[in-house]
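Take a look at the structures listed below.
Next come two complexes, and both contain subunit A; in the first it sits with subunit B, in the second with subunit C.
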Partner chain A sequence: MVDIVLDRVTKRFGSQTAVDALETTFGSGQVTCLLGPSGCGKTTLMRMIAGLEVPTAGRILIGGRDVAGLPPRQRDVGMVFQYPVMYPTLSVAENIEEPLRHDRSVSGGERAKRVDEMLDVLDMRDLRDALIDELNTGLRQKVAVGRAVARHAEVVLFDEPTTNIEVDAKLTLIRAIKAVTTRLRQTIVYVTHDQTEAMTLADSIALMEQGRIVQQDAPRALYAAPRTRFAGWFLGNPGMNYLGTEVRDGAVHSPMLAAPIPLPGGRNGQVVLGVRPEWITVGAGRAEGEVTDCVIGIGGRRLMTVRLGREVVRIKCSAAEAVAPGGWVRFSVPPDRVVLFDDKGEAIAALTQGVPA
Partner chain B sequence: MAAVTDPIAAAPRRRADSHRGLVFILLAPVLAFFVVFNTIPLLWLLGLSFHNFSLTSGMPPEFVGFQNYYQLWLGRNNFWGDLSRTFTFVAVGVTIQTLLGVGLGLLFWGSRTMPGRRIALTLLFAPMVLTPVATGTFFRFIYDPNFGVLNQMIQGLGLPMVDFLGSPATAYWAVLAVDCWMWTPFMILMTLAALGSVPKAELEAAEIDRLPFRKRFTLVILHHGKFILMLGILLRVIDSFKTLDLIIPMTKGGPGQQTRLVAVELNKQAFESFNMGFSSAYAVYLLLVSIAMTSVFIFVLNLRRRRGS
Partner chain C sequence: MRRSLYHAVLWLVALIWFAPVAWIILSAFKTREDILATPPKLLFTPTLQNFRDLFTTNASFVVQFANSVVLSLVSVVIAVAISFLAAYAFSRFKPKGTDFLMFLLLSVRMLPGPAVILPIYLMYAAFGWKDNHVALVLFYAMFSVPFSVWILKGFLDGVSIRYDETGRVNGGSWFHVIFRVVLPQVKPGLIAAFIFNLIFVWNEFLFNFVIGGVQTQNIPYALAVGTYSDGGLNWTFIATMTTIYILPPILAIYAFQKYLLVGMTFGTVRGEV
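== the complex of A and B ==
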């Protein structure tokens, strides 16, 4: 097993900087999801790890070996693309087998074994001899996953593999990816802009913004303690509530808080209070706002939009707690479940200790 | 009343009618051109082929039935020899052009960062845009035994002089070589077009899967590029079958009959000997051969496409 170390990796296209002096390590045997909005450089970064793009500057170390200048075939990587890339004249089994044929260290028997194993894991035994033409996009992408993984490459890269797959097939595909990755413990980099996918698959999420990794953490830690306002906003559906709040006498005062939060360093002025919609407790508290909207979300949970003074707060609550639009609701948030941000949008102190649901 | 038509139902039909009228008006010039310059001459040719008619004899055409066809079939003027020589010319020439074209095309395609690539490409396509008559004339000089540049080089190496176009042993292959020089660029162009139709991700995937070149070529490049390549080969076969203007300035079909391809002989019969009836029958035979070859190609192309979809 190998880790991937990125050392001041930079990629510029003309005057545009896609990846900006990025420094991080993707853990050995881990699934790291590169998550971020479109155009943040995540695909470029992954293509550089694959060897399909040459970095403008910096080093890429796979298992300690600098591969930045090497072509893809001299790196031990497998890759799944955004569109299922197939060898259309070959059958399903042949597609998975083809890269193995050119690996001298794999014997004929071993090859057959790996193909069978892969078809089992992907649950595609019946389609063994099917031609690619006969498969839909979802199944084709599964074959592509099998082909990338069966070679037992040390690193496997996924470039938004579910983007072009229909919703039904998406879940099957993600389940297949999960099954394959937990089984082989290869070092995996998975690019996505879908946070649910990242949460499901990742051991670690690297959140990217404008060519930089702004935070890299385990999914729950990233969710509970975003280090920037961007991270809090990008993760979660909807993202964090942000409320401008006054600091007086070395403590943060807000009607939402049962007690003021003391701020170390004794700064005064304004801070931003970040609260996830589901961290808010409904029914009691000093804050009272008018409900302007209430919609049903996943699992029958309600998402209320509440006007609190000049601010708007989104609250997730149960059906019983929900209040119809036009009504008033009282709510509060425990002081240990708040994240405070300074005026630059960076977290001052993550006061969250618990892990959200 | 039945006479009262629903205006909504009638409107589209009326528009379709006037639309059809417009289609005919727009097509008329092309159709007229086609009939005047294609259909009528073809029928005329067919008619002439059943006659004995010489422009120089001053006699009116004499109907002779299938006599012209029969004589050709029996091998008058060494018809079968010319035909087989032409088939060899097409087969060997197009094969060499395809192999060289694909090979050079791949090299050019793989050298996208090479400096001077555009100039090299432009120069490479020069032979293709030259008039064949000019090319033939150039090469007659290059091949010339006395003051040709090629013999200068050969003699410079201390080897005996070769009369490339005058010697029966070399004339055919010398002409074939010029044909390849002239038309390999066309196959390079087709190869580059075929490569352009290959999705980038598939090549990248093959590269990451560490497929050797042979496999990348057969599994990815040929799969996507075969249609364009086949089209290029088809065009070359049809064109090569008609080779005339390259040969006239070089050898006029000689020495003996060594480079006498069907088009050369047809040209001689029709426009030097003025045997219009005989040459018409000759032309009809060639037309049939061309149609047969084209049909085979189109059949193969459709077969692949049908299997692919």
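== the complex of A and C ==
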């Protein structure tokens, strides 16, 4: 098993900086998801790890070996793309086997064994001899996963593999990817802009914004304790509520809080109080707002939009707790479920430590 | 009704176009008197005497035919191989000034032969390359490259770069990617480039006449020179040689016609082949 170390990796396209002096480590045998909005540089970063792009500056180390100058096939990486590209005239088994033929150290028997093993894990035994032309995109992508993984490369890269796949097939594919990754313990980097996918698959999520990793953490930690407002907003559906809040006498005062939260360092002025819609308790509390909208979400849970003074708060609650639009609702938030941000949008560290995952 | 009328028109046009070809082929099997008879004879006793004459009295014919075959096949194979690699580079790496270079290439092809014949002749004479097979092959290959690059670049642009990338990250070498992954997908383009250039070199007269010589004479040269050899137009000779001459391209085009149709669109229309 190997880790991937990125040492001040930079990539510029003309005057545009896609990846900006990025420094991080993707853990050995772990699934790291690169998550971020379109154009944040996550795909470029992955293509540099694969060897399809050459970094403008910086080093990329795979297992301690600097690979920045090596062609893709000497890097011991496999990759699955957004669009499954296959040999259309070959069968499923032959497509999985094809890359193994480039590796002289793999004997014929070993090849057959690995193909069988892969078909088992992917649950595609009965499609062994089917031609690629007969498969839909979802199944083709599964074959692509098998092909990339069967080589037993130390690193496997996934570039938004589920983007072009219909919803049903998507779940099957994610399950297949999960099965494959837990089985082989290869070091995996998975690019996605779908947070559900990242939450399901990742051991660690690296959240990217404008060519930088803004936070790299376990999924729950990233969700519970975002280090920037961007992270809080990007994860969660909808993202965090942000409320401008006054700091008086060294403490944060908000109608949503039962008691003021003391702020170390004794600063005064404004902070931003971040709270996730599902962390808010409905029914009691000092805050009272008018419900302007109430929609049904996943599992029958309700998402209410509540006007609290000049601010808008979104609250997730059960059907029983929900109030119809036009009604008024009381709510509060436990002090340990609050993340405070300063005026630069960065979390005030001292107060985010205690947030439970 | 409309449809059959349409077909009738197509047949009529095809027959009118084919008539001169038919006249030449029929004449190859006629005696000299039959060829020149008025009104033209449609019913006659076919004879193979003309072919016998061609092979016995005209000793250089076999060499000329062989020259035509060798010159066109070798030069076009070289040209298509070079062009494929060049087109791959243009299509994938997009070097600075690709558009200009492509324009330059095409303009080479647009030049009329007579415009460059003098400099080429002087160059070949200075190098001592006249009447040399290798030198002629080089020239024909050079002349076939521009068109082949154009047609192949069109086809290669139609092959997504995803194929290349998938091949490369899954352990394939450049060689594997270019020849095993990409090449099979542009087969129609390769065949179209091959046939079009084959026809060009097969029909080439001017340069063979000027920078070629006794050893490199091809059939167009033989036709042009032999036509008047008899103190008049030697019709049996013309008809017989032309018949043999047009046969290989017709067979080649017949065998590959579906690729030619795709090729004529420069690969911009991705037909089902």
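The rule is simple: the second predicted complex is superposed on the first by the 349 of 357 C-alpha atoms of A that agree within 3 Å, B and C clash if a C-alpha of one lies under 4 Å from a C-alpha of the other, contacts with A are read in each partner's own complex, and residues count from 1 in each chain.
As a convention for this text, a contact is a pair of C-beta atoms (placed from the backbone, for glycine too) under 8 Å apart; a residue touches a chain by one contact, two chains touch by 3 or more.
Everything numeric in this text was worked out from a predicted model, so none of it was measured.
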Worksheet item: Fit or clash for subunit B plus subunit C once both are placed on subunit A?
Response: clash
Practice prompt. Could you tell me if A:261 is touching subunit B, subunit C, both of them or neither one (first, second, both, neither)?
Written response: neither
Item to complete: In the overlay, answer first, second, both or neither for which of subunit B and subunit C A:273 touches.
Response: neither
Practice prompt. Using the touch definition from the top, say if A:73 reaches subunit B (first), subunit C (second), both or neither.
Written response: both
Practice prompt. Tell me which partner A:90 touches in the superposition: subunit B (first), subunit C (second), both or neither.
Written response: first
Worksheet item: Considering each complex separately, which residues of subunit A are in contact with subunit B in the first and with subunit C in the second?
Response: 50-52, 71-73, 77-79, 81, 83, 85, 87, 98-99, 102-103, 144, 147, 151
Response to the item:
In their shared complex, subunit B is touched by residues of subunit A numbered 50-52, 71-73, 77-79, 81-83, 85, 87-90, 98-99, 102-103, 133, 144, 147, 151
Practice prompt. Spell out the residues on subunit B that touch subunit A in their complex, using ranges where they run on.
Written response: 199, 201-202, 204-212, 215, 219-220, 223, 308-309
Worksheet entry | Residue numbers on subunit C that touch subunit A, as the complex places them | 160, 162-163, 165-166, 168-174, 176, 181
Discussion item. Per the contact definition, I'd like the list of subunit A residues that touch subunit C in the complex.
Written reply: 50-52, 71-73, 77-79, 81, 83, 85, 87, 98-99, 102-103, 144, 147-148, 151, 157
